[in-house]
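Down below is the structure, laid out as structure tokens.
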Amino acid sequence: MEIFVYQKGAHQVEEVFTMENIPELLANPDNLVWVDMEAPTVEEDKILSSVFHFHPLTIEDARVTRNAPKVEAFADYLFFIVHGVKLETNSFNFLTKELDGYLGKNFVVTYHHENFRSIDVVKRQVRNSSFVCRRGADYLLHQILDELVDLYLPIVDDFDNSINEIEERIFSQQRSNNAVLEEILSLKRSVARLRRITSKQLNVLYRLAHGEFPLIEEAHLPFYRDVHDHLQRVSDLADSYRDLITGLLDIQFNVVSNRTNEIVKFLTIFSGIILPLSLIAGIYGMNFENMPELKSHNGYFITLGLMLAVTVLLLIYFWRKGWIFQKDEDE
Amino acid sequence: MEIFVYQKGAHQVEEVFTMENIPELLANPDNLVWVDMEAPTVEEDKILSSVFHFHPLTIEDARVTRNAPKVEAFADYLFFIVHGVKLETNSFNFLTKELDGYLGKNFVVTYHHENFRSIDVVKRQVRNSSFVCRRGADYLLHQILDELVDLYLPIVDDFDNSINEIEERIFSQQRSNNAVLEEILSLKRSVARLRRITSKQLNVLYRLAHGEFPLIEEAHLPFYRDVHDHLQRVSDLADSYRDLITGLLDIQFNVVSNRTNEIVKFLTIFSGIILPLSLIAGIYGMNFENMPELKSHNGYFITLGLMLAVTVLLLIYFWRKGWIFQKDEDE
Amino acid sequence: MEIFVYQKGAHQVEEVFTMENIPELLANPDNLVWVDMEAPTVEEDKILSSVFHFHPLTIEDARVTRNAPKVEAFADYLFFIVHGVKLETNSFNFLTKELDGYLGKNFVVTYHHENFRSIDVVKRQVRNSSFVCRRGADYLLHQILDELVDLYLPIVDDFDNSINEIEERIFSQQRSNNAVLEEILSLKRSVARLRRITSKQLNVLYRLAHGEFPLIEEAHLPFYRDVHDHLQRVSDLADSYRDLITGLLDIQFNVVSNRTNEIVKFLTIFSGIILPLSLIAGIYGMNFENMPELKSHNGYFITLGLMLAVTVLLLIYFWRKGWIFQKDEDE
Amino acid sequence: MEIFVYQKGAHQVEEVFTMENIPELLANPDNLVWVDMEAPTVEEDKILSSVFHFHPLTIEDARVTRNAPKVEAFADYLFFIVHGVKLETNSFNFLTKELDGYLGKNFVVTYHHENFRSIDVVKRQVRNSSFVCRRGADYLLHQILDELVDLYLPIVDDFDNSINEIEERIFSQQRSNNAVLEEILSLKRSVARLRRITSKQLNVLYRLAHGEFPLIEEAHLPFYRDVHDHLQRVSDLADSYRDLITGLLDIQFNVVSNRTNEIVKFLTIFSGIILPLSLIAGIYGMNFENMPELKSHNGYFITLGLMLAVTVLLLIYFWRKGWIFQKDEDE
Amino acid sequence: MEIFVYQKGAHQVEEVFTMENIPELLANPDNLVWVDMEAPTVEEDKILSSVFHFHPLTIEDARVTRNAPKVEAFADYLFFIVHGVKLETNSFNFLTKELDGYLGKNFVVTYHHENFRSIDVVKRQVRNSSFVCRRGADYLLHQILDELVDLYLPIVDDFDNSINEIEERIFSQQRSNNAVLEEILSLKRSVARLRRITSKQLNVLYRLAHGEFPLIEEAHLPFYRDVHDHLQRVSDLADSYRDLITGLLDIQFNVVSNRTNEIVKFLTIFSGIILPLSLIAGIYGMNFENMPELKSHNGYFITLGLMLAVTVLLLIYFWRKGWIFQKDEDE
């Protein structure tokens, strides 16, 4: 647990306080108190109820990590759940991390089980300058959400790359069908997950940004709207990716079916040429006693010439059907 | 029929009362009366109209079990229908059970034809401690709904497993096509059913949780909101499963069509090599009198060599077309 | 035209009145007058304008039978159009019948060109007991709508059976592809029709059930809500059937394409075994003078053995590829 | 330009006036003036601004013909754009024609570049009887819109026929695949166009019919509602056609893929029978010196018998696989 | 940076002012000041905060170019982001350019990094005549938006052509499958992008056009509505294109699968005729000592006749199956 306290007019944020100081710190409306609880101990966890007197249901929500984003107003504080994202290494998958928190008149509590890069960034900002704290608790919270949402965009850009990559693989046909299908499926699941999370999170940010909660000063609403707009962009892109990914299955299917077409065409042309020649050979392989051609001196060579002629005629036929010698045809 | 009575300030819930006591129990506003009617007898059934004076349409609804979830407000009570779920053994199917009930100022009536695990749990809680009853009838009802909704999540998790399992079967191709299709169809129906039920049930919980009914104290609304949020999660997952299951049909189709492609490719390569060799054999099987090669001492061995050469050339051709010796190709 | 008159407090409904009595009957607010016009004569038809003074547009709507369900409020009466359904014999198709009508303070007019089973049922109820009439015109109308909507459910259940039946046919492959496709198409049209009608009818019932029209007493709204809920169930089922039927086309396609796969596999295995054997036979059918094997005493039998060995090796190869001897494979 | 003037109480509509009379005619509130401008000259066109003083944007809209249906209220008149339809000869395509117009207290202006059948019909009515004009400008406009919308239904019925026809062609397989696909595509475009236009036009009629504009008397709203309902029916049908047409592509695909299945089955059965027989013939065509069967007196006939036996066994095998002699199978 | 100043009543727009004059110019409410900043220098950029005192978030938005269209109201000015489009040369792709801007009581600020054709057009208009400026800042902004939206339509028309072109290519089969698929994919992405942008931009224009912002005079709302309607048309067309493009994949697939069908049919007919003939030849190539036909003087010719007869019979069979000699069949 880290405690940052900024007293109105001070030049710096203080970090010297401990859990025990929180009640007196909160009592002074000139203080802005940020309590960040990362993987809190049981001891630390208790202050949520004993010191802050938060609603037991919200504390329960904070302790587990299977909640969807939401925001709830209570008499003198807001409870919110938002999700951050983290790219999984070497895959286009990503993980979501739950960040629970409370916003009061003069405090922000952030509660999370995993490390958040965005929170680390804000901590650094808070330490470097009192700027972020000077405008009050709601502005501090906005800063945290802003950093958190900014980390979504790389994920979305990554999807764009993944879709392009899979597209290339489909057309180049260098990966096996099933490998491509599994990648598409996995991407589909990831985008579905992103859409599910952002749609809920957008709703949270929309409500924060549109003056529903008096704890957020009207002058700070544009900042929340800004965060909302950034996430909206993420959500819009995720929506359009979904459509594109569904299309990939059709494309892959089209490509496979065209490949089959090419192979069958080859088989057909090949059989179409060899079978008649074999028939000719078969006919002159018959053992009838009276087959005049067999006795002809040049019969064998005429027959070979006949075979060549048949071959040429069939090639011309296939060419006129557009099955061979198409310069634009991919194989 | 089981009757639980909690008198304000008491330490324990009383279970000694019978049907006949209900009118006087209800008359005392300090009493909280919970009447649980499981597969009620005709006798028991009658108290709905004779003692509680519920609207005849609601009683009719309670008696049959083909209703969708709903909640209706009457002058001094609420009537609700919700659905519980139960996994069918050895299948990813599930059954729904209808729970009808009434919420009054100081009573809860639950009416069901089948046993409900969630109700048994609440009964145990009520017997163990008066905690659940101390906050009134609306809190007791919340407890029942909470337990009931909590049993949805295992079902949904089960779907997730089923989808993964089917996916694996599709790629491993160890089950027959039709068996896989039937499983997909059955899963699709189950998810459609879950979505239909949860969407209605969500609406019921939303209305209960948002202060529409004065019978539910404002201080207890967050508890109902909590139940709503849990079911919302179930519903969101069911929604995204639907998309994934529809995708499975495409995947399965893609896999079958790729398998056909592989088989046709094999046939083509095989015929492509054997047919020309057979033609060569056929040619030298002709019975022309004048075929110089036949008399050559090494003609036979040269011909065998020719066949080998043709084979090698064709293999090279197929390899350059990318049809054989692809290290990444699945078969 | 049948006229039923119930006077407040009477024990029975009177059926002795004729068209001429209607004006005086209506003048008495203690009378409840139900005029049922089935395939009315031109004479009868006239009373709509001459006696009841209904809006000419509504009368025009009543006369033709191509209207969608709707309800419209006028100064002192409601005009409504609802649709009943009737199963077509030996098909999963159904017909809709238009029922037009008016609801006034003390009268109900029903106007239809075809016979309605539901109206016959209500007539029987009205004759048997004055119960239905005692609560006024709006309750009588509710009764008619209730019976009418109740006849939708068998249709919907029938769809369920049809879908299951088609599914079985698809998997059993006992019907031809086109026959199955035509059945799916026909079912699809029927469900689309049902959805179109119920969605409009639901809207009519919703407006009747939610207190929009003062002609319907508040105490009777629950009864209308009940009718609405029943139709809602029909509509929900129709919605989910639509999804299932669309899925059937995919399934059918999957099954056909798998069947093709099976057939191609057979062809490939068969050719794969026979072609090499034929090549061997062809080689030893060549007429070279110097072919040492031909002179070997056991050459023929060794060759037959070679053919057997090739066959066994190929069978093993196909078995390892998973193309034959799969116990789970359907053919 | 045609000018129809009806003076209150008159028995007939006057057609003797010219452009110059319009200002004085409008000045008299007892006059109803209908100015119909079909392909107006530049001179005529000017009166929109010089006499009527319409907003310049509306005049600009009227002059071009690429606008979507809309209605806009100005201080003392309405501007509307609606679309009529016209079937293209010998195709299931249709053209839309734009009708612009203005409705004032005592005037209607209709402005169009093409001839409208519906307007000609209303002109005839106006000349025959003053009935249409007696109820004022808003009723006259309703009459025009009613006739215009009535001409949509034949188009929609035509779609129904076209869909049925294409369906039949698909199953009968008498037209080439590409011809059918092009018809489906063309129909799809037509229905998309119809839906786009009707959805906007419905919105226009909805606003006209629901009392948004005080220029339309409340007593005439039911007439506008009637027009709205008719177009609604068109729109509903177009919606359901869209679904059916999309389904046609799937059906066509299913039929083609089934046809391929049939052909491949034929090839397989044929090869499956001929290849083994050819192998047998090949074996006894080998030139080994020691082949005992060749010397047997009945060897040839036994071999022919063997071939027959193989054929019969294979036919039985294919029959048991369900590939041949299926009475219900379409080919 | 270009500065246009129009003083009320003046005959011409003045362009002689520099950055330094802006504060005094703005102070006079009779001035209309248009500041167009194209790819502004750092110096110029500063006036947004130092002179106009715009909200820092809006300035930040203006500086980067990854924002979606939006409009935000501040105390005495509006901030808006809209997108213009530009066709990419030789492709059906297009680029979007972001235009940020501010509208105040007597000023318009436009801020963009790329050149805008629409802004150049308005500059020319402003220089030629004071007409555009006479009606105030809101009318000037409308003029800019109008020109900007007018450039969308050529893009949309271009899509229409592209879809038609791809359709033709699919049916003519002159381009390779993959080339066509890549074009469809690319078109799909472009339309998705257009839909995403126009839907947001429509919302901006809707809010501007419906009196939400008092900075826009009511008399000028119809002009904004006009711009909105034009973009609505673009958006509607983009919507319907999306459907058509998705259909193209199905069509392409249908065409490929039909092509496969044709090829397989050819193979089948060809094999179906040659294989039996080869069998006959094979039979008479057997070396049995006792084969009576071989000794028949005309055996050879009878056999050739038999082959011909078999060929004719098979051709008749295939013709009756509808596989050959169909005049309407495309190949």
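Residue numbering begins at 1 within each chain, and the chains themselves are lettered A, B, C, D and E in the order written.
In this text, a residue touches a chain if its C-beta (ideal position, glycine included) is under 8 Å from a C-beta of that chain, and two chains touch if they have at least 3 such contacts.
Keep in mind that what you see is a predicted model, and the values were worked out from it rather than measured.
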Task: Both-way neighbours, i.e. chains that touch chain D and touch chain A - done: E
Task: Proportion of interface numbers common to chain C and chain D (over half same, under half different) - done: different
Open item on the list: Rounded to a multiple of 5, how large is the rotation, in degrees, that superposes the C-alpha trace of chain A on chain C?
Closed with: 145
Open item on the list: How many angstrom lie between the centres of chain C and chain E, each centre taken as the mean Cα position?
Closed with: 40
- [ ] State, to the nearest whole Å, the distance from the C-alpha centre of chain B to the C-alpha centre of chain C.
- [x] 25
TODO: Please set out, as single numbers or ranges, the residues of chain B touching at least two other chains.
DONE: 250, 253, 257, 260, 264, 267, 271, 275, 278, 282, 285-287, 291
Task: For the chain E and chain A complex, residues of the former touching the latter - done: 55, 57, 61, 66-68, 70, 72, 173-179, 181-182, 185, 188-189, 192-193, 196, 246, 249-250, 252-253, 256-257, 259-260, 263-264, 266-267, 270-271, 274-275, 277-278, 281-282, 284-287, 291, 293-300, 303-304, 331
Task: Of all residues in chain E, those that touch chain D in their complex - done: 167, 171, 222-223, 225-226, 229, 232-233, 236, 240, 243-244, 247, 250-251, 253-255, 257-258, 260-261, 264-265, 267-268, 271-272, 275-276, 278-279, 282-283, 285-291, 321-323, 328-330
